[in-house]
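Read from first to last, the chains carry the letters A, B, C and D; within each, the first residue is number 1.
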Amino acid sequence: MSITTFAIVSIIKSIAVIFVLLTAVAYSVWLERKVSAHIQNRWGPTRVGPFGLLQPLADGVKFIFKEDLTQPYVYKTLYIASPIIAVVFAITAISVIPFGNSITIGSITTPFQITDLNIGLLVVLGITSMGVYGVALAGWSSNSKYSLLGGLRASAQMISYEVSLGLSLIPVLMLAGSFSLREIVNKQQHLHWNFFYFPFGTLAFFVYLISAYAETNRTPFDLPEAESELVAGYHTEYSAMKFAMFFMAEYANMVTVACLSTLLFFGGWLGPVFGPPIVQSLLPVLWFCLKVFFFMFLYVWVRWTLPRFRYDQLMAFGWKVLLPTAVANLVVTGLVVAWKPDIWLVK
Amino acid sequence: MTIPLSCYLILSGILFTCGVLGFLIKRNIITIFMSIELMLNGVNLSFVAFAAQWHALSGQIFVFFVMVVAAAEAAVGLAIIIAVYRTRETLNVDQVNLLKL
Amino acid sequence: MHLILFLFFGGICVAGAVNLLVQRHPINSALSLVVVMASLAGEYLLLGAEFVAAIQVIVYAGAIMVLFIFTIMLLNAGEEERSKGSRVAILLGIPGVAIGGVLVAWTLLRHSNTAWVPMFALPGDPRAIARLLFRDFLLPFEVTSVLILIAIMGAVVLASKPEAVAPPKAAEPTPREAPELVASGRER
Amino acid sequence: MTPNPYLWLIPVLPLAGAAINGVFGRGLPKKAITAIALGFCGAAFLLALKIALGFSPSEAPYSFELAPWIRAGSFQADFSFYLDQLSLVMLLVVTGVGFLIHIYSVGYMADDDGYYRFMSYLNLFMFFMLTLVLAKNYLLMFIGWEGVGLASYLLIGFWFTKDSAAAAGKKAFIVNRIGDFGFLIALFLIIKHFGSLDFTRVFAAVQPLQPEIAGTGLLTSIGLLLMVGAAGKSAQIPLYVWLPDAMEGPTPVSALIHAATMVTAGVYMVARSHVIFERAPGALTVVAVIGTLTALFAATIGIAQTDIKKVLAYSTVSQLGYMFMACGVAAFSSGIFHLMTHAFFKGLLFLAAGSVIHGVGGEQDMRKMGGLRTFMPWTFATMGIATLAIAGIPPLAGFWSKDEILGRAYNANPLYWLLGIVTAFITSFYMFRLMYMTFGGDYRGAPVGGTHGRDHHGHGHGHGSPHESPWVMLGPLVVLAILSVIGGFVGIGGGFEHFLAPVFQTAPGMELTGEASAEAANKGMEYLLMGVSATVAFAGWFFAYLLYTRRPELPARIASSLGGLYRAVANKYYVDELYASLFVKPLVEGSTAILWKGVDQGVIDATVNNAADEARHVSDNVRHMQSGNLRSYAGWVAAGGAVVIAYMVWMGVR
């Protein structure tokens, strides 16, 4: 494959992925509203389109046409830059996520992935860790008490839980022996999903899930934007498209987390495959999307089930419960991997 | 697709020099601290470059150690800065020139 | 190609470093430092040290610099004052730096054509690095972990309020994230 | 006999006692202290007895190595002990008399605050003395030598709050240092020439050497230096001055250390080194002359003393002179014999004197005593026996040993004998003078009680007249009195000498004149000499009786008629004053002018002060570097870094 073809294919893939991602983001908002409404015995959006399916579009239009307020006392450069930072890093993270095996169109065979790096997981981690800047800078540059507190809380929470998050991923890496997401998935063939390695795989999954919820500032860890105390946290002073960017960033992060959960613990795109070649290459994508959908649903489910933590509880939980658990789990996994008992490691 | 090693080293030197200069001319203690990090990064670059030139991975290992030290230093240093700020109410190093309060 | 990429990242790097010096607000300096680090990660990638690059982003840009920004936000650091502090720094230090830098650069340029580094020269495979780190450098590794532990304890003791160290409190939060600090930092 | 493997326990037991009492004594009840001190000391004595009973001359000498100590190249000095007839005698004397005096101390020191300290020191002394006696090499002997000096210092200055006691302690220590200096140089010479300090090896190396009859040489120098050490420790001319002052210590100390044991260490050392001395006739002559002169000299001083302990002190010096005289005429076994009997009767004399002092409430001036015979009959009886013994009245111990010495001295040189006989007469005179002044006549002192006497131990309960001492004190007196009576019989017919003969035997053909002629002396001569000494002793008694009972006014008249001579004697021939102006004053003034003002202030202090001033000047200028400003520090660092880089580049270019 020549460089030109490579570049063209890459560009096509990038555009497609971004398009799909943004759509997914939009419809996860719709999903959230719908699911929460049904949990609360309401209907949710119904007016725009069948089942309110066009609601995201309407929201988008509304965001675009709203007045974009920029308060006079803000630190302007960063005030403008921070939503962009947030959304850019949120979307970039998707670039190393594989959605399926590979597809062959004509003479070109290409994986369902913008790029496959052998340190893919680290890249995702790095990019998400950069996402903190958007939140923190937004809180600071708004020059408002609520924003600053929200920003401080958010950044503290994110760097705290990032430790547990990283540690919870290491058991997976130990089992797979690689940083490449594609390889991690391939190691989980035949339903040997990491989730099923009881107890450490399962434990790692739950630690990961909790940390990820905290990382994405979702309930029960949505302290940074706790509306009852901080109005809206770090994006209190934002409106219109800038606010929409934070919104998009948040949901894009959710999608990324859901993708990672799927890839790392639930076998990614693996599933029953049959039919003609084109179906064979598309079916995995379907399985992948279903699993991701489940996790998106789980987000909403959890949101409307669990109450919000108090801030000191959140910190204490992160440092005193989650981190020791993750470390202990790490040690156990290390021992098991070194010992290689056949009960667990059927591979 | 090769470039001389000295290019990397000069880049590293420039970063280091910028760090030293920052230490000399900056008044804000946090910025001064960042200058130190800049110097460390400059050194890290030369480590990696030498590792590449001599095909010795230990150069990269050193980078990790430097990072660990930098992290520890940042934690303690920033804690000190917070403590200093609490007692002096200033971050200007020119005003923090007495050990006595 | 290599040269172009090198110059590209290097240019960003130097621009960031210079910006760090020029900017008077610490948060701008911090952000330029983040830029420097990110572009340095690019340089590492060029040298093939992909693992180092990833760690550079995660640890330096993602953790250490966040800590810096966090501190800046916490202390609400404002613009730098142009105070006259030290003649020595100007009269001795800057010439010293200039002389040192020039000498080093001169030396490097004299030997500039001796070694050439190809692109992706030394693949910093995580596996190889791990092998080296946990076999040959096991003792230093453990020592640094002790160092980190000490640093954590030192940071906790230093940054916690004097009265917050002694009395027993339910669920004492780690100081740098402590909410009461946030509040007090803001009130000042 | 199986050479007792517990030999090393003998010195170590008192050390343990000293350690326990010294460390924990403050908090222990008095009975426990007593039990510990007596227990350990008594155990050592019993062990010594057991060894003595199992001793068989055929297997002696026996040596036992406890642990290696110094091993440098071929030089070797170990913690090793040595037991032969000589050390066995010393061992028995030291442990036996020491144990008795320990018992006596229990009564004598009962009311003292520093009781535990005293007992600890006594035990410590025992340890060092036994180390000295049992040592197998000169170095270990020197340890004991110095150690007894230390214990002596501690005990003389036991009542350190009293200036005179502290000064006396220092005096004893310093005068002993002079002697030790000579001893040390002798040791260095021995190491230099024989490469060892071990007795057997040194003596084996000395054995084949020819006697340095005509002229002097190595052995003479070693012998003379050893004699300097012995003179210091055993209070011989010219280093005797510390012993009378040492009477500042508690009386049991005077008895144990300054009469019975420590001061005889010099004699023991000379006897132990007899191999060297026998081959150095010059040194031997010096020993004999010093001994004879000391005996006479100290005895004359003793006449005029009024302090009961001072009289005994000068008597001790005099008797030690006898021992050296014996050694000087190569009659070592006679010296040791006299050492043993002297330990008995002089220890007894001191203890009895202590009992007297105790009874009259701390008074030591004999002019304030008198008539004590009725108040303290036991003390009188025992002290009387001791006086008979020391005066040389047959058949008590002193007679035999002194007579043997005099006989040997006569064989060597009649002049020694003459001076010895004169000394014996004087001895007899002043001892009976002491007896008459103390026990005869009527009581002249003030009623006893209330005031605490010089010896500090005044009794809480007041009573009007002198009283007898408790039995814990009288017991040792009686035992020693018995020994003083019968102690001399071991020497009849040369029994003691034969016992010690294996130690002092000399190589064939090496008999010295004294020794040889002693063998040849005919019986008649011997009996004649015996008769003379007995006569002289009785004469001394008679004179004392005459002067202090019959005609008590005579002494004063004689004293006034003698005028200057009497004053000189009463003032101990002004020796202390002579030493003070001859040695002490120049030393003090020299130290003040040259060492203190000149060297210390002018050179050492000046160097330090000037350096400090200079440092302050420099730092006054340099401190501006340390402004406290972080950035200026960074400036300095950067400049320094530039210098370093420049240097390295320059080196690289070159």
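Note that in this section contacts are C-beta pairs under 8 Å (C-beta built on N, C-alpha and C of every residue); 3 or more make two chains touch, one makes a residue touch a chain.
For clarity, every value in this text was computed on a predicted model and none was experimentally measured.
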So which has more C-beta pairs touching, B-C or B-D?
-> B-C
Distance from the CA centroid of chain B to that of chain D, rounded to the nearest Å?
-> 77
Averaged-CA centre spacing for the pair chain C and chain B, given as whole angstrom | 6
Can you check how far apart chain A and chain C are, centre to centre, with Cα atoms defining each centre and the answer in Å?
-> 27
Rounded to the nearest whole Å, what is the centre-to-centre distance of chain A and chain D, using the mean of the C-alpha atoms as each centre?
-> 98
Among the residues of chain C, which are close enough to touch at least two other chains?
-> 51, 55, 63, 67, 72, 74, 85-86, 89-90, 93-94, 97, 100, 104, 176
Sequence positions of chain D contacting 2 or more other chains | 627, 629, 631, 634-635, 638, 641
Which chain A residues reach two or more other chains?
-> none
Can you identify all of the chain pairs that touch?
-> A-C, B-C, B-D, C-D
In their shared complex, at which residues does chain B touch chain C?
-> 1-11, 13-15, 17-22, 24-28, 30-31, 33-35, 37-38, 41, 44-45, 48-49, 51-53, 55, 57-58, 60-61, 63-65, 67-76, 78-83, 85-86, 89, 91-95, 97
Inside the complex, what are the residues of chain D that reach chain B?
-> 627-631, 634-635, 638, 641
Mind listing the chain B positions that touch chain D in their complex?
-> 20, 23-25, 27, 29, 32, 93-94, 96-99
In the complex, chain D residues that touch chain C | 625, 627, 629, 631-632, 634-643, 645-646, 649, 652
Would you mind writing out the residues of chain A in touch with chain C in their complex?
-> 75, 78, 117-119, 122-123, 125-127, 129-130, 132-133, 136-137, 139-140, 145, 148-149, 151-153, 155-160, 162, 166, 177, 179, 311-313, 315-316, 319-320
